[in-house]
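I'd like to ask some things about the structure below.
Letters A, B, C, D and E name the chains as they come in the text, with residue numbers starting at 1 for each one.
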Amino acid sequence: MKKRMKTSTRTGLTPGSLAQAGSLKNTTSRIIIHSYGKSLYSEKETADLLKLQEYLNQDPPVLWVHVEGLARIDLLRAIGKHFNLHDLTIEDILNTKQRPRQETFEDYSYLACKALLFNNGKNSPEDEQISLVIGKNYLLTFSEADITSLQPLKKRLESERDIIRKRGPDYLAYSLIDIIVDGYFSVLEYMGERLEILEDELLSRPEQETLQEIHFLKREMLKIRQATWPLREALIGLEKSDSLFVHPDNALHMRDVYSHLVQIIEAIEINRDILSGMLEIYLSSVNNRLNEVMKILTMFAAIFIPLTLISGIYGMNFRHMPELSWYYGYPFAIGLMGAVALVMLIYFRRKKWL
Amino acid sequence: MKKRMKTSTRTGLTPGSLAQAGSLKNTTSRIIIHSYGKSLYSEKETADLLKLQEYLNQDPPVLWVHVEGLARIDLLRAIGKHFNLHDLTIEDILNTKQRPRQETFEDYSYLACKALLFNNGKNSPEDEQISLVIGKNYLLTFSEADITSLQPLKKRLESERDIIRKRGPDYLAYSLIDIIVDGYFSVLEYMGERLEILEDELLSRPEQETLQEIHFLKREMLKIRQATWPLREALIGLEKSDSLFVHPDNALHMRDVYSHLVQIIEAIEINRDILSGMLEIYLSSVNNRLNEVMKILTMFAAIFIPLTLISGIYGMNFRHMPELSWYYGYPFAIGLMGAVALVMLIYFRRKKWL
Amino acid sequence: MKKRMKTSTRTGLTPGSLAQAGSLKNTTSRIIIHSYGKSLYSEKETADLLKLQEYLNQDPPVLWVHVEGLARIDLLRAIGKHFNLHDLTIEDILNTKQRPRQETFEDYSYLACKALLFNNGKNSPEDEQISLVIGKNYLLTFSEADITSLQPLKKRLESERDIIRKRGPDYLAYSLIDIIVDGYFSVLEYMGERLEILEDELLSRPEQETLQEIHFLKREMLKIRQATWPLREALIGLEKSDSLFVHPDNALHMRDVYSHLVQIIEAIEINRDILSGMLEIYLSSVNNRLNEVMKILTMFAAIFIPLTLISGIYGMNFRHMPELSWYYGYPFAIGLMGAVALVMLIYFRRKKWL
Amino acid sequence: MKKRMKTSTRTGLTPGSLAQAGSLKNTTSRIIIHSYGKSLYSEKETADLLKLQEYLNQDPPVLWVHVEGLARIDLLRAIGKHFNLHDLTIEDILNTKQRPRQETFEDYSYLACKALLFNNGKNSPEDEQISLVIGKNYLLTFSEADITSLQPLKKRLESERDIIRKRGPDYLAYSLIDIIVDGYFSVLEYMGERLEILEDELLSRPEQETLQEIHFLKREMLKIRQATWPLREALIGLEKSDSLFVHPDNALHMRDVYSHLVQIIEAIEINRDILSGMLEIYLSSVNNRLNEVMKILTMFAAIFIPLTLISGIYGMNFRHMPELSWYYGYPFAIGLMGAVALVMLIYFRRKKWL
Amino acid sequence: MKKRMKTSTRTGLTPGSLAQAGSLKNTTSRIIIHSYGKSLYSEKETADLLKLQEYLNQDPPVLWVHVEGLARIDLLRAIGKHFNLHDLTIEDILNTKQRPRQETFEDYSYLACKALLFNNGKNSPEDEQISLVIGKNYLLTFSEADITSLQPLKKRLESERDIIRKRGPDYLAYSLIDIIVDGYFSVLEYMGERLEILEDELLSRPEQETLQEIHFLKREMLKIRQATWPLREALIGLEKSDSLFVHPDNALHMRDVYSHLVQIIEAIEINRDILSGMLEIYLSSVNNRLNEVMKILTMFAAIFIPLTLISGIYGMNFRHMPELSWYYGYPFAIGLMGAVALVMLIYFRRKKWL
């Protein structure tokens, strides 16, 4: 939870001064440069400033620069200078704890979004900010960690027949966003399975842990919503502003992604409703169990206390108690107890407690 | 619940690549082609690619192609090619787990909606996606399962005097949507009856099952809302965009369907309110019963424990206990007990516990 | 509850085919025809088709045709034909279970609204649909049952000096809507009185019935809201669309009715808030009573169980128990019990349980 | 509560017929007429029709007519006729139970608002409707009761140096609304103090009365909201429509009042949130106390019941019970009881119940 | 809480009359005047009217006048006169209890916002109103207390190389707002840490104090929201209106601040959701503990009461009780008790209570 928000260490800094906000998972930077076109594809990787500048000076139909790890501010600055990025854009890229949003500049469009990734076998996905800068003939992407989910994109780029090779950086950006949104579906699906297990558990044997799982799932839903809700707005912004950087042909694709986002948001709302219902069932079953416990106690007390009284009466030491000297006095007392117990049992059966 | 959302198996696929999303209930495809006009009506069925193409090349006033089962992607592709459908449209048709929505293209208008059907005597309706493609002189409809509720439409088409024969594919589409929406009313009615039974049950003898039924009905309400809410938006979209494919004469009919949808949505909201109220009554009656149980316990304890004390006192072995040697000591003790019990009973009667 | 929604028996019918939706309370139709103008007023009643057509062919300044009972579809059709009503309008008139709404046609404006009427001394008002068709010089009104609340309107029409005689059918429609809305105030007032009684009951002696009354009132509030909320929208529609059929002079009156509707809606929301608060007080008082019951039990147990132990100790049969042979052993034991009881009483008094 | 809504006695009346809605607190009418300008100020009071007409026929720069008590309909009618007021306006003035709203007419602007006044030392403020009619060079104000809070306004009018003397009736209206809104702050402040007291009470010793106070405050918040919320809209209406009757110079002042209203509405929302939180604390503390009670009961039972068993065992009458003839049998039994009690005490101390 | 709202002492004052609303923390005023430009920087402090006027008459590129402490109304009036401020603006500056808002005047733009400051080691931040008046070449700022968080701003002004020296008063205002917003992040972070501690506590050992901490955090969230929510609107107002006083170059920076505000608002909403969930866990764990207590009681009662009955039976004084004279009668009775206890234990183990 500590990293939920922008750290306050920035307070008082010159706005626009470059500093990492958010904790560093990666202490270095890798830059992967893809140049491609209809009949062209090359991939180069570097962490060297000079080589980077050399690579950037090439002019392929489309240039995709992916930066993994935001530690090397010098490299970021070089990229920023080459593509003429605004200071605030670079600041936004470095601040990995901001919310998804979109900003249109003169030469490019900036989009920040959150990928949800299961890292190291954890059972709760972590969000990883991916920043996109869409220019006329280039796409810059920035992430702090290694985003393995981008692999399929690389494979598609390598295939000469894939439509992605014939389109511009906007289509590439769309494909990337589509992968991120598909990732949300995976998370939602995983949570949906846990929800199902939880539901069975709730009906068979509700425990305090059930409650904690309900709240865990509620918070995961919040997390996914936090990633999707503002992204929806950001995509609208992208579509509206981007006559320059987004080709009208991609508008349909964008609307498709948008509709997936809406579907996710609706599924989250429904899951939240279901979780609320489960909470009510849980609380009610706790109450019902208390009822059961109290019924057992009451029955024990109601049956045995009168019997104890009878035994107590015949344990009194009065000199003149005729029953005591009866030959069948003892069986009579035991019989009396049995009769009282029976009456009680019939009474509780009538009340449907048994 | 597993099928609540788009499966993640698509992650990383080329957007636009054709694959079935959602589970297949039907492993083959049947294509039924209706050609009709004022004085013309024919119905043909095929699952053969060549025959299909032959049928499609006819040019009747109105052509209605209904595809049942989405397994034969080759057939879908042929239809898509013939009617010049966008790749995304075919992808949408195949993805049977999307939400109702509407998309306008140059040559046609696409509408996805959900029919709610009771299958195999289940007590919870399943949603079945029906995709409509409305063109200038054709209507394409796609569903995965056999939609028996379309039968009345066929009967109307066969009758030469029915107005449907004089109108275009937009009127046909409207009639189909009207049938789907009427289906929602049926489901709502069925749920309303269960709600009534539940209400009686709640007042006579609330059980844990009552609670589960309340939550079952809540979720069914969510399901109907999920089908109706986005359909409402989609219909607005259809009305706005469709100067081309929807004749103004049908606008009134569409508004009629729209008003039915609003009525359903309002009924759902009211039912949800009623269900929340029932939950409160249920929880309160559980609490009240606990109160009853505790009152019984308390009365038993309060009446018998003092009596037991009396019997205990006269069971003590002190050498000098005058009462023990009284001739009427025993009846005195029993009488004392009776008096104490009477006082207690009067006390609880005063407290209105009895 | 069964009639809460449009019956599903329509599923599959030709849209536009005339059939009664909603249950028939009235098995025949009465048609009352009022012709009036500044110096003219006549009222005729018929259930005969020929006479009806004759009456309609007169041409008074304003013609008000009121149809009571929707069983005679032939009469409705004749009226529909004479005033050139759209098929959907007649369908809407017949479907008495739709929500209040407004529809503008070329020649007239259609408005459906719900009157709330107390029938046969029931304690819950029933809604009765009233359909209005406002034309240039006529007003058609349709209701299924006998609407006694329209009587004052007739009286006003009979009085030559009443302003209603100088105005058109729009003013008549406004007067009718005003009566319906005033009826909502009556219902709200009746419910307000029950709310007050309930409030007193809640503080003096809350029972399970109190809870049911709370929920009854909640549902009545929902019912009134269902009638008023969409009517508000419908009135806006009427004002906007009706340059043709509603004279600008009446706009002010309409806004007045509109403002009354808003007042009703606000009162409903406040009553719902109050009812929620009452529910919380009820639930809390149930909990408090449980607390009381448990305190009594605990005090009984805590006082008498130690005493019983003392009596038990002196009832033990050990040979060597010095107290037993003390001369004042018995009073000592009784005194000991008294002392223990006193300590306990002081303890509970300190805890403020007594 | 009885007067919460417009009385139904109006049902069936000619709309526009003049009748008092709402109960009469004042059985007569006082009319106070202020004429003022830069160098002019006079105040006259009358309840006489002829004198009234004479006073109205003067033509000072600004004329403020304040009517206190709405019983004398003849006087109201005279005023209405003189200033050419619409019938509906007079009806609105008489209906003191309507919600705050604004209406623009050709010659004037009508505003109804609610003052909240503490009458007769009651602890809950009553709302008092004040109607304003703002014309070009006059302001009419109507209230049913004596509004003492208008005194400061009169004092300002008497002072020649006050800016109010140099401005028109719109500035006077603004000053009056400002006083009413300031009155809301007073009420809110009084409620805030009660909230603080309640908060202390809640933590020290929550009782059923605490709950009732919570609900009392919740309803007061609703009452203030009912007065402020629609007034906000009404002020927007006044600003928009009033190029004629409100001088642009006053727009800033109006926006100031508007911003105060928003502040009040926000404070209400926050107080409602706080009250909900207090309710939760209250309910939870009731539950906690039940827990405490049950712990005491359980400890008593768990400690004394085993001891009673021991005493019961040594009270059995078996011939062969070796312990009974032990010389230290009795101390042994007492010691055994002590040991058992100790074990129990340690057990409960470990469970942190003690 | 007492100072939550504008004090009612203003009721009846001439609107526009200058008086301190809100309590005075500072009984004097300090005025700090910064003059700066590309190559110029001077800072002067005074509390003297004559010196102030002298300082103001200088004409540097940018003039920043910061007023700390609002007690010296003469000084404020002098500043107001020099910069031609509207009376309402000065009134707004003095009323330190208003909500954040923005107002555009002919010559300047007014913005009120709230800084959240931790004073004197308190654990709850206090809000401190800061008023900004942005003119063409000056910025006026007003606060009641000493805002130490403005120190970094002064340091930046002193540094000749800082961009702030090259920009106008709008950039200075932006930098100041940025610092205030960063302060919200600090508060949110501090609350986030407390939330984490609370969460651990909740799972390990929930107490009544946990509940109070939950509510304390809920109210702090409300407080931050109260500061941020209206500020968001105010910033929009600033951006829209300020072509005159805010240079388009700063729009991007403003949008950046705006996006931080949205992030804070979202974080608050999520924290509120989390706190609601924690409340539910707390309440449920209270219920669960009651269940545990009752189980212990029930087990004790159910095991020992039957044993007590056995001991009672063999304590009866019947003459003919064969068991009593058995040689192994006593061990038999003890064994019987053991058997009964065992059966009970097995029963409760089966019920999983043990």
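What to note about this one:
The working rule: a contact is a pair of C-beta atoms (placed from the backbone, for glycine too) under 8 Å apart; a residue touches a chain by one contact, two chains touch by 3 or more.
Bear in mind the structure is a predicted one, so any value in this text is a computation, not a measurement.
Chains making contact with subunit A as well as with subunit D: E. Averaged Cα coordinates give subunit A a centre that lies 43 Å from the centre of subunit C.
The distance from the centre of subunit C to the centre of subunit D, with each centre set as the mean of the Cα atoms, comes to 26 Å.
Each of residues 283, 287, 290, 294, 297, 301, 305, 308, 312, 315-317, 321 in subunit B touches at least two other chains. Starting at subunit B and stepping first to subunit C, the chains sit round the ring in this order: B, C, D, E, A.
Looking at the complex, you find that subunit E touches subunit D at residues 1-2, 4-8, 10-16, 86, 88, 92, 98-99, 101, 103, 208, 211-212, 215, 218-219, 222, 226, 230, 279, 282-283, 286-287, 289-290, 293-294, 296-297, 300-301, 304-305, 307-308, 311-312, 314-317, 321, 323-330, 333-334, 337. Residues 149, 151-152, 156, 162-164, 174-175, 178-179, 182-183, 185-186, 188-189, 192-193, 195-196, 199, 203, 252-253, 255-256, 259-260, 262-264, 266-267, 270, 273-274, 277, 280-281, 283-285, 287-288, 290-291, 294-295, 297-298, 301-302, 305-306, 308-309, 312-313, 315-321 of subunit A touch subunit B in their complex.
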